[in-house]
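Going by the order they are written in, the chains are A, B, C, D and E; count residues from 1 in each one.
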Amino acid sequence: MDSMTLNKPEQAATTTQPVKVSARDVKVYYGAKRALHGVNVDIYQNEVLALIGPSGCGKSTFLRTINRMNDTIDICRVEGLITLDGHDIYDPRLDVVQLRARIGMVFQKPNPFPKSIYENIIYGPKLHGLATRKDEFDAIVETSLKRAGLWNEVKDRLHEPGTGLSGGQQQRLCIARAVAVSPEVILMDEPCSALDPIATAHIEELIDELRESFTIAIVTHNMQQAARVSQRTAFFHLGDLVEVGDTEEIFTNPRDERTQGYITGRYG
Amino acid sequence: MDSMTLNKPEQAATTTQPVKVSARDVKVYYGAKRALHGVNVDIYQNEVLALIGPSGCGKSTFLRTINRMNDTIDICRVEGLITLDGHDIYDPRLDVVQLRARIGMVFQKPNPFPKSIYENIIYGPKLHGLATRKDEFDAIVETSLKRAGLWNEVKDRLHEPGTGLSGGQQQRLCIARAVAVSPEVILMDEPCSALDPIATAHIEELIDELRESFTIAIVTHNMQQAARVSQRTAFFHLGDLVEVGDTEEIFTNPRDERTQGYITGRYG
Amino acid sequence: MSVTLTVGVLLFLSLAGFWLGRSRAVAVAGGRVATLHSVPVYYGSYVALWAGLPALVLVLAWLALRSPVMEWLVLDGLTPDQVEAWARVMLAPAELDTLLANIADEAQALTQTHRQLLLININNLAAGQPQYVNAAVIDALAPAAAHLNQLRTLADWTLFGFVVALAGGALAYTWSRISPELRARNNVERIVTWLLILCSVIAVFTTVGIVMSLLFESVRFFTKVPVTEFLFGLHWSPQTAIRADQVGSSGAFGAVPLFTGTLLIATIAMIVAAPVGLMSAIYLSEYAPKRVRSLVKPVLEILAGVPTVVYGFFAILTVAPFIRDVGAAMGIPISSQSALAAGVVMGVMIVPFVSSLADDVITAVPQSLRDGSLGLGATRSETIKQVVLPAALPGIVGAMLLAVSRAIGETMIVVMAAGLQANLTLNPLASVTTVTVQIKSILVGDQEFDSAKTLSVFALGLVLFLVTLALNVIALRIVQKYREKYD
Amino acid sequence: MTEIAEPMQTAAPVSFHTGEAATRRLKARYAAERRFRIYGILAILFACVMLFILLFTLLKEGTSAFFQTEVKLAITMDAGTIDPRGTGNPAQWDRGAFQDLVSDALYKEFPEVTARLERRDLRGLVSPVAGVWVGRLLDKDPSLVGQTIEMWLPASDGINQIVKGSIDRSLPESQRRIGDRQLGWFDALDERGDVRMAFNTTFFTSSDSNYPELAGLFGAAVGTLLTMLVTLAISLPIGVAAAVYLEEFAPKNRLTDLIEVNINNLAAVPSIVFGLLGLAVFLNFFGMPRSAPLVGGLVLGLLVLPTIIIASRAALKAVPPSIREAALGMGASRLQTVLHHVLPLAMPGIMTGTIIGMAHAVGETAPLLMIGMNAFVTSAPTSLLDSSSVLPVQIFIWADKPERGFVELTSAAILVLLTFLIMMNGAAIWLRKKFERRW
Amino acid sequence: AAARDQIRIVGSSTVFPFTSTVVERFGQTTKFAAPILESTGTGGGMKLFCSGVGADFPDATGASRAMKASEYDSCQKNGVEQITELVIGYDGIGFVQSKAGQSFDLTRAQLFAALAKEVEVNGQIVPNPHKTWKDVDASLPATPIEVLGPPPTSGTRDAWVELVMEPGCKEFPAIKALDKARHDAVCKTVREDGAYIEAGENDNVIVQRLVANPRAFGIFGYSYLEENQDKLHGLTIDGVAPSYETIASSQYPISRPLFVYFKNQHFGVIPGLKEFLAEYGSERAMGDEGYLADKGLVPLPADKRKASEASAQKLTPMARPAS
C-alpha cells in the first residue's frame, strides 16, 4: 500500500463532509487485460459523484469494484486499496455480504428477479430484517415504487412477474429494489439510460432526495444529467481516471485536455 | 378491419417516398392487458421515424410487432394490419424469416450471443449467404464494426466472447450485427441508451448514412436525438399513438396537448 | 430410554433452540430487528445447529461402538461355571475338553466361534425369546442375558444423559451469546458450507471405497495373471477349472475383447440415444406446444425406469429376432445375440437421460438470445443449432456423458441380449460380450471364490473404472474449452 | 384492404433478401427447417413407439395374471387331522396336514378314483398349497374345526394355464402336464359350476412363493418402497448439496476439477460394482444386515448420486449469472442467493435428475444381488432392517422360474413396478412443472 | 450381532428353487419364521458359509456340486468346523430342442465330437471342423450345429463337461493315447467358435429362443423341460430319453447330485435350524411323492435317501473332501 502516499488525490476538498469511500491506486484486471490503471478518488458523505467517460473506459468496472461485485467474475483481479468509512473493503475479515448491504447497486442491464414485482421489492428488506409484518412490507413496496416513479404503472399488477415489464419499467424496478434496503452508499450504473425524460426527472429528484441521507455514485452518459445531479464529477478515459473535481469546474473549466475534448465534443 | 376506415392516418405526406411499412389499427395484447390501442402509422422509404413517449407506453411493443418478434411471446396477440411494401406481414403465407431478414432489429437490452465478437457479426451474413469466403467475412466484420464505432476498441480481441464487453460495447456490437445483414428496414430500440456522446454521435452518423439506402425506425428517449436524426416523429402515450408528423413540427408545434406536455416538460 | 427416543429428544431440543434463539434475538434487538447483525432466523438456526449437530455426532459414534463394547462386557461377566454349563450342552466332546482345560482363563478358553454362539443364545434370551434357546442352557445364561439388558438400559440412559447435557449446554451457551453483534449468519453459513463440502466429499469417498474394494483383489489377480496379458491380450476365455482335477481350458484373460465389446455396444446405444434424445429434447422445448411437452416428457421418462431385466427380454425376444429376420431377408447372417440388438435397446433405455436433461438446459437458455437470432432473420432451426445449443452445451454434454456412463455401466440388458461370447470384433451384427456381463456372470456363477476367474472380476472393474476416468477427463477438457457463458 | 394496397406501389426496391438467389436459399433453409422439425417428431415417435410396444407386450401377457382359476370344494375340517394331539390350541395344529383336508375333499368329490396313481393325478387339480387357504380360514375362526365348509380354492398351475389358454389343451396328452384324465375331472367340476375365474387378490396381498397361485408382490412392493425412501433420503439432499457446493461455492481449481471428473466417472461405474462396494463397506465393514432395505437403499443412493449431482449441476449452470449478481448486489450472501434464487430456478433440472435417478434405482437389479436382496422372503418387511426383496429383483427371479404360471406373473409384476414408477414420478413431475419458467 | 430368529441360507441358483420350496413349506407349517434364502451361486454361497460362525453368517448353503477341499479348509480356518452334508436329489440335464425341430438320437461321443474344441478326425487331433451334425456322423441330418448352453461360470456347464464330454471323449482312441494333461485339456474344452453359444442367465429365454429357432439345441435343467413339454422335447442320449423315471433310475446318463450344507455349530443356537434340516431330509419333501419332486427334483434312490435322512437326523459331520 505504499502507493497510497505516492499520489495524493488530485481533487480539491470542496466539501466539509467526511470521506465515505476512498480508492487508492485501484487497478483491475480481466485476465491479462487491465481495465483500470490505478484510480485514486474519494467519495464524500452525502454527495453525488458522477462518473463519466466514453464507453468501455472502466466506469462500470470501477463501480463494481466498490461493492466487490467483481468477486463473481472469475477472471477479474483487483489491486490497490478501497476503503469504506476508513476500513479496507478487501480485508479478508470483512463480511462482503454486509458490505453489499451497505453499498447498494443498480446494474447497467436491468436484472429483475424472475419473481413478482412485489417480491422483487421486498426481497432486500426481508433479507435484512427491515420489516416483519405484511403491512410494513406493503408500505415499503409502495414507497419504493413511488420513489422510483413506477407505482402508478404497476400498482394493479404487483403480483405479476417483474420480467414482463418494459425496459424502462424494469430499470425503475431495479432502482426501487435497491432503494428499498436503504443502503449507505448507492452505486447507479446508468440508471436512466432506458428512461424517458419524465421518468428521468423523477429519478433525478429521487437522487437529490437520497443525497440527504446517503452517498451516491452514478454513471451517466448524459452530461446534462451529470451537471444537474452531481456535486463532483470524475472523468474516466481508457481505464484512467483523468480528472475529478467539482462538477461545475469540470464542465466549465476542465484541467485535462482529454476531458475538454470529451465535454466540448459535438454534444455539449 | 372496419376500424381501418375510421381514422385516416393523421400524417401529412411530407415525403415523396413510397410507404415502406404501414400499420393500420394495430392492437397488441399481453394476455388480457392491452399494450397498444389501435396504432395507425406509415413509415416511408429512406426516412428515419423516431418513436418517443414515456416508458411503458408501448414503443418496444410496436417495434417488435413490425418484424413479428412478438410471435415468440406466448401470451402476446396482435390485431390489425401491418404491411411491408404493401404485403400483409401477418399473412399466414408470409415468410417470417425473410421478413426478419428484411426488417432488422436492435433490441433494447443488448443481447450478444455467447460467442466471439467475430462470430456474433458473421452470424447473420452466414445465414443469408451474404458471403462465403473468409476474406469476405473479415471485410464484413471490419466494416460493420467500424460503422458501429466499435472497431478500434475490439479489433485486437475479435475472438474473445462478446459477452465480456462493456454495456455500451455490447450495444454497439448488436448494432453492428444488425447492420451486417443489410436489411431494408432497421428497427432500433434505444440504440444509444448506454452510449457516451461520442459513440452516440457515431451511431447517429451511421443512421444518417444508412438512411440513404434503408428505412429506419428508432425508439429514443432523447429528444435532441430524435430531433437530430429523424425526419418524422411519432409520439406514443399509454398505448396510443397520439401524434405523428414531421419532426420539426412535432417539436415546435405539436397538435396534441399530451405531446406538448411531454416535449415541453421540464427537459426540453 | 431407547435411542430413537433420545434422537427425538435431541430433535426437540434443537427445535426449541431455534425458537429460543430467534425470540432472544428479537428481544435483544428491542424489536428493531434491523439493528441485528443477521435476521432473527439465523440466530435461531445458530442455536439449533450447535445444539443439534455435536450431540448427533455423539449419538452416531455411540451407535457404532455400542454393540461390540456391550458384548465384550457381557462375555467378560460370565463365570466359568456358566460357561461350562453352556459348553457341556452345546459343544462337541473334543472341543469341550479343550475348553474345560482352559476354563480358568476364560479369555483363552472361548474361541471366537464360541463367543459368537454364546452371543446368539444370550441375545435371544435377552430379547425375550427363550423358546429359541436350548432349554438346558437357559439357566446358565439367564444372568448374562439379564446383565446384557441391564447394560443396555444403563448405556441408553447414559447416552441420553450425555446427549441432553451436550445439547442443552450448547443451547444455553449459544443462547447466552446472542447479541446484536453476534455474526449468526456467518456462523450458520460456515457450518452449512462445511456440510455442503461434506456432501461433495461423499462422492469422493464412494470412489475411494470402490477403488479400495477393487484394488486388493485386483492385485491378487495380477499376481496370477500378468498385467500386460490382461490389458493387451486379445483373447478372453475364463474357462479355468472349477475343480482342481479339471483342466482350465484356454483360460485366457485378455480383456481387450471385453472392452471393445463394451465400447461397441455403448457406441451403438449412443448412436440411437444421442440423436433421438437430443432431437426429442429440442422438439419438446422449442417446437412442441406446452401441453404436448408436459405430456411427452414424463412419458419418455418412463423409459428410464423400465427394469433393465425387462429390456433384456425385449431385446432378446422382440428386437433380436426382428433384426435377424431383416438380415435374413437381405441375405446377411446375423447372430441372434447381436451387439446391435443389445445396443439399440440400451439406446432406447437411455433416451430420457438425454432428452429430459437436455430439455431442461435448453429451456433455461434466456429468451433474449433466441430473440437476437430470430431478429437477424434466422429460422428456428438455425437459431437452435447455432445459438441455443452452443449456449446449452455444457448441460447437453453432461447429459450425454451421463447417458454414455449409463450405457457402459448397464448390466442386465447385455447379460441377456449380448451374450457371453468374447469376440474381438467391431461388427455390430456379431455377438460380443461386455465387461459388466462378465462381472455379473462370474460373480453369481458357481465357481470357486478365489480362483483367477473370480478375481478377474475385480481387475475388470478396476480397469473399466480407469478407462472411463480417462474418457471423463477428456470430456471435461472439451467442455471447458467450448463452454459459452451467456448473459 | 383496398386502402392499403393503394399507397404508391412503386416497384418494390430489390433488396438482397428478396432477390432470386435469396429466395432460392430461403427455400433450402426452410427445407432444412422442416427436416429438422421432422427429425424431432420422428425422434419422439420412435421413443414413444418403443415404449408402446413394450407396454403393449407387457399388458398382453400380464393382465391374465390378475385372475386366477378357482375350484369349489366342500372341506371337512376334521378335528383329528387338524389337531392330532387334541390340545385345542391353534399353535399345536398340524399345519402340514391341512393339504390333506383338501385332498380328502377331492377324493370325496370323485369317489370312483381310488388307485394310488390316479389319486395323485386327482390331487393335481388343486394347488398343492391350497391348505394355506384352509389354514387362513381356520385362523380367522378356529370354531370351524369339525364343520364342513364350502371353499373356493385355487386350481393348480397346470389347470390355470389351460383355462387361460396359455397351454393348448388340444395338444397330444404327452405334451402337456395335465393329462386327459385330469381334464375330464376338471370338466366335470366345471359342469357342476364349481369352477370360476376370480380376481387374484393374493397377487397383491402375499409375498414371494414357489407356487404361482400363492405368489404375490406385497413384500417386494413394501421392500421397494422402503428402499426407495432410503435412496431418496440419501441421494437427493446429498446430491443437491454436493452440486450446489461444486457449482456455487467451490473455487475453480484442480481439486474441484478432480471432484467433477470423479463424479462423472462414478456415473459410469457398473451398477454391480456398487453392489461390491455395498458388500465390502456396509455389510462387511459396518456389519449391517444382508438383504435389508436400508443397505439396498444406501447402495442405490450412492448409485444415483452422480446422476443427481450431474443433472443438478447442469441445471445450476443454466441459471443466468445476472440473477446471482442481482441478489448479491442486494446484500444477499452466497448461500441466500443460492437458496432464494438459483435453486428455485434450477429446480426443474434437479427434479429431472431425481426422476431419472430414482427411475434408474427402482428398476435396478444387479447391485442388489450382491447384497443379498435377491433373498427368498415370504413375508413383507416391517422395518428397514428386515430381510426383504424388491420389485425388479422379484421380477428377475420370477422370470427365471420354470413354472409356467410365473411367466404371466412376471409381466404383471412389471406392470406393477411401472405403476409404482409412474406414481413416484408423478409427484416429482408435478413439482417440476410448478418450478418451470422461461425468463 | 443382534438376536436372530430366522435361519439364513445361501447358495446355488440350481438348488434355490428346491430349498425355497422347503423354506416356504417350513414357514407355513411350523411355528418358526420362514428362513431367509438367497441365491448367491455355489461359490459365493461357500464363501459366505465358510466366513465364520455367529449371527452374521449363514447357517446353510446349497451347492450344485460337492464342497471342495479348499472350501472345506477355508471353513475350518474360520471356525466352521463341523458341517453336515445333505444330498437332496438329482438334477437331470437335458439336451433339448423345439417340438418343431427334426429330432434324432445322439450318443455322448457324438455330442463330444460336436461340441469339443478339438476332436479326433481320422486319428488326428484337430480343431473342431464340424459345422453340421452330418459332419459329426453321416447318419445325422445336415443341419448346422447350434447349441445354446451354460457359460463356464455355471455349475451346469461343469456338470455337462463331466457327464457328457469326458465319457464321450473316451470313445476316441487317439485322444485316449494322449498324456494326461493334454488328454484332459482336449476332453474338457468346449469349442469357442460360435457353434456352442454361451447363453446362460435365463433359462426361460433359452426356451423361447429354441421355440423360435427349431434347428437350435439347448442344455438346461430337467425342470424346465418338464414345465415346457408342450414346446420342447429332450433328445435321446445313448438310447435313453430324459424323463423322471429314467433320471431317477440313473438310466439317463446326464444327471448330477445336489447338496445342501449345514453348520453344525448353529444347531440349537439358531432357532429352527434342526427342524429345518429334518424337514428337508423328510420323505414328505425328498420322497418319490414329495413336494420337491413336483418342483422337478429327481429324488434319490430309496437307499441313498435313507442314508441322507439318517445323516440329517444324526448330524454326522462330513469328512474333508478328497479334492
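We take it that a contact is a pair of C-beta atoms (placed from the backbone, for glycine too) under 8 Å apart; a residue touches a chain by one contact, two chains touch by 3 or more.
This one's a predicted model, so the numbers in the text were calculated from it and none came from an experiment.
Shared contact partners of chain B and chain E are C, D. In summary, the chains found to touch both chain A and chain B are C, D. A comparison of C-alpha centroids places C closest to the centre of the full protein.
Chain centres were defined as the mean of their Cα atoms; on that basis the chain farthest from chain B turns out to be E.
This structure's chain pair with the greatest number of C-beta contacts is C-D.
Chain A and chain C, compared by their mean Cα positions, are separated by 50 Å.
The centroid of the Cα atoms in chain C and the matching centroid in chain E are 34 Å apart.
Centre-to-centre, using mean CA coordinates, chain D is 31 Å away from chain E. With centres set at the average Cα position, the gap from chain B to chain D is 58 Å. Counting partner chains per residue, chain B has residues 97-98, 101-102, 109, 127-128, 183 touching two or more of them. Multi-chain contact residues of chain E, defined as those touching 2 or more other chains: 13, 39-40, 56, 202. Residue positions 185, 313, 366-367, 377, 379, 382, 443-444, 485-487 of chain C each touch two or more of the other chains.
Checking each pair of chains for touch leaves A-B, A-C, A-D, B-C, B-D, C-D, C-E, D-E. Contact residues on chain D toward chain E in their complex (touch as defined above): 91, 94-96, 120, 128-129, 131-132, 135, 167-168, 171, 174-177, 209-211, 287, 290-291, 372, 374-379, 387, 397, 399-404, 407. Those residues of chain E whose C-beta lies close enough to touch chain C in the complex are 1-5, 12-14, 39-44, 46-47, 52-56, 63-65, 68-71, 79-82, 117, 151-155, 158, 161, 181, 184-185, 188-190, 192, 194, 197-202, 205, 208-209, 212-213, 264-266, 268-272, 323.
Here chain D touches chain B in the complex through residues 1, 3-5, 7-10, 12-13, 15-18, 21-23, 25-26, 29-30, going by the rule given at the top. For chain D in complex with chain C, the touching residues are 17, 29-30, 32-33, 36-37, 39-44, 46-48, 50-51, 53-54, 57-58, 237-239, 241-242, 244-246, 249-250, 257, 259-274, 276-277, 279-281, 286, 302, 305-307, 309-311, 313-315, 317-322, 333-335, 345, 348-349, 352-353, 355-356, 358-360, 362-366, 369-370, 391-392, 395-396, 399, 414, 417-418, 421-422, 425-426, 429, 433, 436, 438-439. By the touch criterion given at the top, residues 30, 33, 52-56, 60-61, 108-110, 153, 157, 164-169, 172, 189-190, 193-201, 221, 223-224, 262, 265-267 of chain B touch chain A in their complex.
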